[in-house]
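The data blocks that follow each hold one structure.
The same subunit A turns up in both complexes below, where it pairs with subunit B and then with subunit C.
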Partner chain A sequence: MKMVKKCLFYIVAIAIALQFITPLVWMVLSSFKIDEVIYKDIGSIYAIFPRFSDLSLKSYTELLGFYNIFRNLLNSLLYASLTVVFGLTINSLAGYALARFKFPFKDGILIFIIALMIVPVEATILPLFSVVNEMGLINTIPGYLLPFIVNVMNIFLFRQHFLSFPGELIESGKIDGLSEIGCFLRIVIPSSLNMYITVGILTFLASWNDFLWPVMALSNADLMPIQVALNAIFSDTYNIFTSHIMAALTIVTIPIVILYIIFQKYIVEGSVQSGIK
Partner chain B sequence: MRKVFLFMTIVALALSLIGCKSKGASSNEKIVIWTQASADHPEGKMFADRVKSYNEKHPSGPKVEIQNITRAGAGSGYIDKLNAAITANNMPDIFTLDGPDIAAYADSGLLGELDDYMSDGFKDGFTKAIVEQGTVKGKFYGMGYSDSGVAVMYNEDMINALPKDVKALIPAADQDWTWDQFLTLTRKIDEFAKTTNNPAFANYEAAVSTLLTDVASGVYETGTYYFTPLLWGNNTNIVGKDGVTVDGVLNSEKSVEALTKFAQLFKEPALASVSESEKAFHSGKTALSVSGFWYVNELTNNYPDLKFRTVRYPKMNKDFDGLYTPSGSWAFVRNGQEEDEKRAKKVVEVMEWLNNDEASKEYYHKNGSIPTRVNSISEIDTKTDNKYHNEAWTVLKYQVENTNKARPVSPGYPYLSETFAKDILLKIAQNKVTDSATIKKYTDDAVKKIDKEFEKYRK
Partner chain C sequence: MKLEKRSPFIQVRNTTEHYRQSQHYKKGEVISAYGFLTPAVILALLFIVLPIILAFTYGFTDYYLLKPNDKHFNGLDNFKQMLSDDVLKQSFLNTIKFVVLVVPLQLSMALGLALIANKKIRGVGVFRTAYFSPAVLSLVVISILWTVMLNPTSGLINEILSNLGIGKQPFLSSASQAMYTIVFISAWSGCGYQMMIFLAGLKNIDHQMYEAAEIDGANPFQKFFYITLPSLKPITMFLVITTTIQAFKLIVQPMVMTGGGPDYSTMTILQYIYEYGFRHRNIGYACAITLMFTLFLVILSIGIKKLFREENVA
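Our next item is the complex of A and B:
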């Protein structure tokens, strides 16, 4: 009976896994076919188990001839990394202050931060554009990065984490002669690495997947991140090549899949802690 | 660790201080152009080349700068940024808009009219449909840089498998034909397909591809763009000439008559489907297709084995001699907030450079954009090695020169188009409605909705 249950569990688990993996496999395989073959194979076993003779690098060579995908990819990596580094610095300090220090209007600030969490990004895009424009930062990297370095959700996550951080550890650090910032750097951060990695990954993914803000904030083609390049390929009026789209998606997905494989434990933890699906 | 952390904090603070510098106002020495084309795409590159040549030939004039803002889908992304720039009073001097959107922006006073600033006779160089597309309440606002077209394509292998009498129903590429003839042919193809074992029909799904799947998935404009011509060909439209009256137009007897003809495609056994397979015509699943001009490049480049033939878009009746085929595309417009007459004149001079005969030819050669200038249409190459490509472009060229008609000019066009496609075309197709009474009810309901929305434009 136990064996049967186990078998059933694996059958269901494999079926669910296949449901999620198949589109990804189809995307990768389709990127090596020409459009004619992609649509001929749809609905047949060849969609997933292609004939070797149908596979080629044509879509990749054509795509890379049209678009400088790797430049956009590097831009995205740079922006996401900078947002993570500065975001973790600012947001963790804010969260720490809200959790550990006493100062006027602390509760009011906290309520304000929680209230801001319910405002969707889309609702703030127009005023954000106006502010960045007034600052003369449109079409600059600081103008693109600044609005999303401070993240109220991340401040809240850090605040909740630091609330449960044992105060005795900090007190003993102070007795040993560490300053407040010294305690934060030498005791709090090393003991909270899991939290930093989790928030870092969530920040990285949000920055990587952002489309609307880069379109608003940047005009220079050399500065565009990968999501903007992808949309350019999707929205092509004259040459709509599914194989190009699949090749671009494959190139874009690879870094994220690698990141996910390395940090999957933290991504799951982060999703649970932040309530994000 | 401590040094790294302090460094990050200082850099973060420094970054935030950058924002305290003075506003970077746009320079009067510069004319800024925004387009929806990606910089890496041939369309973006052709604009960049054109601007470069302007700057080279006018070294003493204001420098022209082009910025490419990628659009997503029908234009979002680009349009979002444009609207944000309008709110922030940071509009570019020249920008692109899709033809049917020009009226809404002009109605809001955001566009500058062009007639008073253009060189003599420049406007007359555009095709009738492009002038019509860019004209709102008698004033010309938009210089279309590319036209479009829709024709009917058929799969030669499938048609060759038909009995001779059915095959004879296909017109020649230089012949007009009617929706009645089209429907008769489609019905006979469907009857044949259901009884034949011919391998050309092995993947048969339906007689004709209509791309109504686009409408079902929210791309409403495809439906309006493809099928409004039935109404035009029946001397009616989806909105009145004032752009805001729909009652008595969209639900008129003539409109219902045209839509009843469209409905025949979905009469059981259905000849077309709202859930047709992706690329149904491309992969031999339909024998006919109502096809946009972009099919030609797509089929030629990516479906080398498909023998596609092209015939004209059908008329509602053979004696109709007005304009009736779909047309229109993106156009250049200018910032209506510009008050300096001298600068406005310079801006229009740049627009002329971007849209003159030479530019139109360049755009065709670099990106396949259908020329909008009468003198440039002859550039369309119908003598390549590919006879299917040549035939398709011969048909489209004829339509651009002779029968293309602009989509209705209305400040509420996006809503009008969505309601027409979703609440009339899609409903007819999904419910397989063929009787005039129900179709009249659909049009009446749509008119009520549109009328309510259009109240704001009548004030």
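Our next item is the complex of A and C:
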């Protein structure tokens, strides 16, 4: 009886798992086939179990011949890295000031930041577009990056983190002659690395996956991040090859898979934590 | 004797010193604090506060992007236009439909997956990874992948359906099915993430409660409804709030998969704002919609958070 129950559990669990991984497996396998094979296999088990003789890199070489997808990948990498570096610096400094220092209007600024957390940024994206447009920064990298460097949620998370940071450590740094910024750089950051990695990874993923804002802020093909370029390839009426599209989707997904493998702990814990706080 | 005399004096001095400290800020701290805060505050003012203020002013004008110097105050005209705008009405109803369907579907899928992935049984880590795997795909990748798989004539899904003896479905190219399809795809791609959060909650439930229930002869369903669900309530409420707000901002999937069609059946509020303001360059009208939509979301999020707090107290 217990054996039957166990088997039943495995059957259900595997059947559900198949529904989640089949699209991914099909995506990756189809990227290594040519279109004729994709559509010949589609009704059979070969759609997700390959015959190795059918697999080739043809679609990848063709895709890279038609589209300069590496440029878009590098753009995305650059944008996401810059957002992480500037975002971590600016948001953590602000969070630290709100947690550690006494200064006039502190409560006012804190309330201001908490109030901004309620405003959904995506909803106000159109007036944001006209702000950046009137600054003359549409189709420039600063115009694309600057609006999403400050993140009130992250300021708040950093503040909560620094509130529980041991004050004696900072005092001892001051006795050793460090300035406030010196204490921050030499003592606070090194002992808060987990926090920085977590927020950094979540920021990187959000920036890498962003679609709506780059569609509006960057229409120049040379500046496009990868997500926008993907949509352009997909809606390109001259491109009729499913295998090319699947190759492009696979290329875009690989860096994220690597990130998840390395930083899985931080990503999951970070999203759970930001939920509980 | 000496000490007794001195102690009240020291105490008084200490309190005045403390009093002075809280009144007068340390100069170094104040300077550092403002230095640390300035970049964040400037960016927030420019890119969060200013857009909100601009939405307020532009919403009452006929601002057209290509004629920036020719904008006129037109009072409540935009808002009157909104009342008689049928596509806007439909976009709003579509968005509501999406939210009402996707939140319960996605959360119950996530909870179900979490219950499976929480079983102490060999190979469970493989299942957890499999259920979580769509999380590595971006919304654009998900949308493109599913559009290809749902192709009405040659897509993978229709081949599977016809192998199972079910007829081919039009999915995204039918006004009656497109929104349901987007609901399903969103739940499919999002539930793995929430499964992880539910899992964290399940791990925190005290195992002794289940053992006690077993001694009392409770069956699995009773254990689920009387122990598991109530223990998960705070996490569930949190997920309901975040998923609801997130779902109201649906735009990428319809933008990539259907362009809002067929017959506006998948057009959402945010997409309508984008179409009007960005594609048609009609900033004034789009800002008026933005204003109402933002107001709606702010009231909604404050509302459910209040509800959440009262529930928690009770």
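The criterion applied here is as follows: the second predicted complex is superposed on the first by the 244 of 277 C-alpha atoms of A that agree within 3 Å, B and C clash if a C-alpha of one lies under 4 Å from a C-alpha of the other, contacts with A are read in each partner's own complex, and residues count from 1 in each chain.
The working rule: a residue touches a chain if its C-beta (ideal position, glycine included) is under 8 Å from a C-beta of that chain, and two chains touch if they have at least 3 such contacts.
Not measured: the values here are computed from a predicted model.
Aligning the shared subunit A places subunit B and subunit C in steric conflict. By the document's definition of touching, of the two partners only subunit B reaches A:L137; subunit C does not.
When the shared chain is aligned, subunit B and subunit C each come close enough to touch A:L93.
Within the superposed three-chain model, A:Y39 lies in touch with subunit B and with subunit C [touch as defined at top].
Using the contact criterion defined above for the overlaid structures, shared-chain residue A:G182 touches subunit B, although it does not reach subunit C.
More residues of subunit A lie in contact with C than with the other chain of the pair subunit B and subunit C. Once chain A of one complex is fitted onto chain A of the other, the partner contacts of A:N68 are limited to subunit B, with no touch recorded for subunit C.
By the touch criterion defined above, A:F129 reaches both subunit B and subunit C.
With both structures placed on the common chain, the touch criterion links A:L145 to subunit B but leaves subunit C unconnected. In the superposition on chain A, contact is made by A:L212 with both subunit B and subunit C. In the superposed model, A:N231 makes contact with both subunit B and subunit C. Taken together, the two complexes place residues 39, 42, 90, 93, 125-126, 129-130, 133-134, 146, 149, 181, 211-212, 216, 231, 234, 242 of subunit A in contact with subunit B and also with subunit C. On the side of subunit B, the complex with subunit A involves touching residues 1-2, 5, 8-9, 11-12, 15-16, 18-25, 34, 38-44, 67-73, 77-78, 80-81, 83-85, 87-88, 90, 277-279, 282-283, 294, 297-298, 301-306, 329, 367-369. Residue ranges of subunit A in contact with subunit B, taken from their complex: 34-36, 39-40, 42, 66-68, 85-86, 89-90, 93, 125-126, 129-130, 132-139, 142, 145-146, 149, 181-182, 185-186, 189, 211-212, 215-216, 219-221, 224, 228-229, 231-232, 234-243. Within the complex formed with subunit C, the subunit A residues making contact are 6, 9-10, 12-14, 16-17, 19-21, 23-24, 26-27, 39, 42-43, 47, 90-91, 93-94, 96-98, 101-104, 106, 109, 112-113, 116, 118-131, 133-134, 146-150, 152, 155, 179-181, 184, 208-209, 211-212, 216, 227, 230-231, 234, 242, 245-246, 249, 252-253, 256-257, 260, 268, 271-272, 275-276. Residue ranges on subunit C touching subunit A, taken from their complex, read 22, 25-26, 28-30, 32-37, 39-41, 43-44, 46-52, 54-55, 58, 63, 65, 68, 113, 116, 119, 121, 123, 126-127, 130-131, 133-141, 144-149, 154-156, 159, 162-163, 188, 192-193, 196-197, 200, 235, 238-239, 242, 245, 248-249, 251-252, 255-256, 270, 273-274, 277-278, 283, 286-287, 290, 293-294, 297-298, 301-302.
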